[in-house]
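You will see chain A twice below: alongside chain B first, and alongside chain C after that.
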Partner chain A sequence: MAEEKKIKNLKSFSTSADRFEGANLLCPGCAHSIIVREVLNATNDDLVISASTGCLEVCTAVYPYTSWDASWIHIGFENSATAVTGAEAMYKALKRKGRLFQPERTPKFVAFGGDGASYDIGFQWISGAFERGHDFMYVTLDNEVYANTGGQSSGSTPIGASTTTAPAGRVSYGEKRHKKDMMAIMAAHGAPYVAQVAPNKWKDMVKKIQTGFNTKGPVYINAMSACTTEWKFPASDTIAVSDIAVDSLVFPLYEIINGTELNITYRPKNIIPVRDYLGVQGRFKHLFQPENAHLIDAWQKRVDAHWAYLQKREEARV
Partner chain B sequence: MADKMELKEVEVWDGNLASAHSLRQAQVDVVAAYPITPSTPIVENYAGFLANGYVDGEYVMVESEHAAMSGCIGASAAGGRVATATSSQGYALMVETLYQASGMRLPIVLHVVNRALAAPLNVNGDHSDMYLGRDSGWIQLDSFRPQEAYDLGLMAFKIGEDHDIRLPVMVHQDGFLSSHTAQNIRPLQDDVAYNFVGEYKPYNAMLNFEKPATYGVQTEENWHFEHKARQHFDLMTKVMPKIKSVFAEFENLTGRKYKIVEDYYMEDADIAVIAMGTTVETAKLSARIARKSGLKIGVIGIRVLRPFPFDEVAEILKNVKAIGTLDRSSPNGTVGMLYNEIAGAMLGIGKAPIMRNYIYGLGGRDITVEMLKNIYNELNEDAIAGKRLGAVQKFINVRGPELTFLGK
Partner chain C sequence: MAKETKGWNEFDAGAILFSFNKETTVSNLATTLPENRAYSQSNSYTASVADWRVEKPVFNRDFCIDCQFCWIYCPDMSIVSRNEKMVGVDYDHCKGCGICVDVCPTNPKSLLMFEEKKSENEALANWPKKESKKDKEAN
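Right after this comes the complex of A and B.
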């Protein structure tokens, strides 16, 4: 049985043992480090962690330093899922052969990748690893953009965002494509546990991570990671923007068990208009010009429709 | 505990089955693999061993060759014995991860059943894939027939896993000509083979939680060069002595002698050809015949492609008047790899023999004893004349007008 950490409040959270050091090069206000700490802090078990090329990787393992007081590997952009499941296979082999260093331990295997690494270039590797049923957790740090390389569109970039490869201009409102629904895709793999989390709702998040760690088989976590640099909001506002994202239902918090049982885990008391979410980010600034007003309306309709869909699925259990 | 297999003194195995048995006998902990012609039977045979209890490691059937090597890297860094097999397009897809495996100093063993690279698509044997990986920082061992794929398959673990080496090793064999050609094989019994390979000794294992390791870091202009330089240093200074000592140990055990550079009829040779893979066997046969008509021809087979045996090859070739290098890969705009390396080796000892470069056998096109005899005659005429009488580069057995390049 996995060992869970009992964390009652933010104070005890902030003083709990840290296997991911604050000494890293992530931007001030970056949500990645908050998410990673919440994942690592959810267990006292040993960890084998992999990371895809991206912000987290380039900022936390710059030779001769490492921010990780846990086993950690980075291979390439696309293969963090395979890196950690290779290690998981070795764990199983050595366990069977009686050659583990610490046979009494129950390590957890976790892969981190950005949305570019997950939705785009590494999608096949994640799909393959889930199909094989490895006992591991894949966490997408979803900031909806290739942030490490300076703000190019990814498969997670929402319509209307201005990015460097789909910039808003005189005749363009920015990104034309819709964000890919990774949650549905991973649930369709029949994964035993799939959840969307946000670091500002840390109790909800820790609970889901612990559920994930206690689940046998592949677990997918889509973690909203508000990006001060590319979403263009002040570095001090990461949690405030995250709150608006969750309370406007742009990032609804829910889980899907065994591909069918959908549970909404957070219902905002006061649902905030999507307009307010868009309004606090520089990447959507151009949407507030009169000719783009219809796009904000469309955004609201889309978010409403998705929320209705989630509620229907929750009710129907299919 | 895996069951042992009773083997006859002489088994009839093709190269793929021979390779698969070497993996089984080394009791590999994790094989992450993806099938591709002509190496597919290696992983199929391995799966069969697993299904019948002769292997108790993990066999991870992944969704691509890139994932196969990625899984091997994760597994190797975790701290156990790892191997896989591939060919051609799969090898090409792996290339990114080949560099990552060697850069992280992970002693993975990769059986490469050599095959041409598309386009046009072709499943047959040439050396395009082998050549593609030659700067990837792996040790590359080349077998000329199935017995050697088995022998080198066992030795590869012992070479790469040594803590002074810690480098991945490729064992090459020719697609179909070796991989699908059944021959008499003298295998070791399971215990003997395993004892020869030895227990895997982990190094900076991710699964040692008392000493967590960070693999695959970021380095820019401040440290990248030192990492690459150290890897090159080890390849240039430590690997050859290690290979020689493992070859010697293997000879003591089996009586089968392997050399960094294999040479045949070289003692009094005036002319020589350099080849790799199954062509070495054909060249030997052709040389034996040609010697009956007085040609002082010798044959050299490159056993270790990386690190390249400059000193050894130059020593053997130092008194030779004319050299033909046989490259089974399209050089696409230059001379063949073997021509380059041999020319460099000879220049390094202040020698300038007559040199020619023959491009042959692409996409599995045959090379016959007769064609080789023609090459020997050409080289012999050069040697007698004291100068090269034709172009440097010539394509052998290809349709259309004669294809020669670089001089007349």
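Right after this comes the complex of A and C.
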């Protein structure tokens, strides 16, 4: 294995040479891009990357342009996991046969998919890749909605969000179902490393990505991606909204090792009420009407209960 | 201008785009800065999204503490940092989102949004003074 990139602090990190390029067509203020930068810049090794259909893929591979300075493949919506693990299997076979062109190099295999691609449409392909035990990292860009096709609900959309398939209005408060617990599902595969990250907490995130790169076997990363367009907040506020998301514990930051050892990696000094998180996003605006007040209370209770659950699991090591 | 465009059936099934000119080699891309790369014309780096902007961030060296918050959180690789110092904004790739301004911690800020057509000199001449604690609370 090549030496791990040393990232002492943000100043030293800022000497990185990005392998993801501008003049892509992601919205101004898109968090997908901030996540991709932190993942790619976490290593100096070569990268073999795949992307599922979704905002990231559609906006960074617009013929005749590519925004990727790495080996990059796109096939379909559901199969970024399959595409990159196929490449990884080929790499291992060539290595075994002594036929690698540059045997001294240690490429990293990374798949990116949206929450739609990960929680729903590509799920069985991810599950299969984890079962087969490939040495790769799957990163979900979790913006809790099918953003690229105009904001339909996905298995990651939380209750109460207004989406184009579950719009809030006179008869409905929006999405009726709860967000799927993808972290628990992936940990239940017995994966050696599963982590939730947020790009605003760059140090925590880059550390987890490096841990993932150093782990043999399949690694799952659930990356919160605050979406200015679908969550409905100003483009300049992506980091501010992300800060509220982690400080309200709506997106707790933790990791699960070998399916059992859960570590909480960030404990907010001041926990912010969930109401403040909901209040900065247009998709939850209707929750502040008097008839929906009970939904905000239920949100807070649910977040509190999940935080208590994570702490219990951390303690029990099960 | 009548331009011949290809129909779906005339496109090749699948496409390979090279990010760099084929004849160039670098030993490690991850440590090669943009100025030392041979970008191909298929690399979006050679394109520009400058016309997306209504406002642009202007950088004022006088107040900058080189914390690099703007560098890490810029979604568009448009904060140019070299040798741990913030150098300026890449106006070909900046989309004018304003995140860099939002995260800049100095007082007054070292990055501020100005109308796209305002000149840098004019922007720098109109830079706000340090905000007192009282003003800050009033805002």
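Rule of thumb we're sticking to: the second predicted complex is superposed on the first by the 308 of 318 C-alpha atoms of A that agree within 3 Å, B and C clash if a C-alpha of one lies under 4 Å from a C-alpha of the other, contacts with A are read in each partner's own complex, and residues count from 1 in each chain.
Criterion: contacts are C-beta pairs under 8 Å (C-beta built on N, C-alpha and C of every residue); 3 or more make two chains touch, one makes a residue touch a chain.
Quantities reported herein were computed from a predicted structural model and do not represent experimental measurements.
By the touch criterion stated above, A:Pro103 is placed in contact with neither chain B nor chain C. By the touch criterion defined above, A:Ser236 lies against chain C but remains apart from chain B after alignment on the C-alpha atoms of chain A.
Look at A:Pro290: by the touch rule set out above, it reaches neither chain B nor chain C. In the superposed pair of complexes, A:Gln124 makes contact with chain B only, with no contact to chain C.
With both structures placed on the common chain, the touch criterion links A:Ala31 to chain C but leaves chain B unconnected. Applying the stated contact rule after C-alpha superposition, one finds that A:Glu57 touches chain B and leaves chain C untouched.
Contacts of A:Thr66 after superposition: both chain B and chain C are touched. Residue overlap on chain A between the chain B contacts of one complex and the chain C contacts of the other covers 46, 61-64, 66, 68-70. Contacts from chain B toward chain A in the complex involve residues 29-30, 32, 56-58, 60-64, 66-67, 70-80, 82, 96-97, 100, 202, 205-210, 212-219, 223, 227.
Chain A meets chain B in the complex at residues 46, 48, 50, 57-58, 61-64, 66, 68-76, 78-79, 82-94, 96-97, 99-102, 105, 107, 124-125, 127-128, 131-132.
Taken together, the chain A residues at the contact with chain C in this complex read 5, 10-26, 28-34, 37-38, 43-46, 60-70, 199-200, 202, 228, 234-240. Of all residues in chain C, only 15, 17, 19-20, 28-34, 37, 41-49, 52, 66-69, 71-78, 81-84, 90, 92-99, 101-103 touch chain A in the complex they form.
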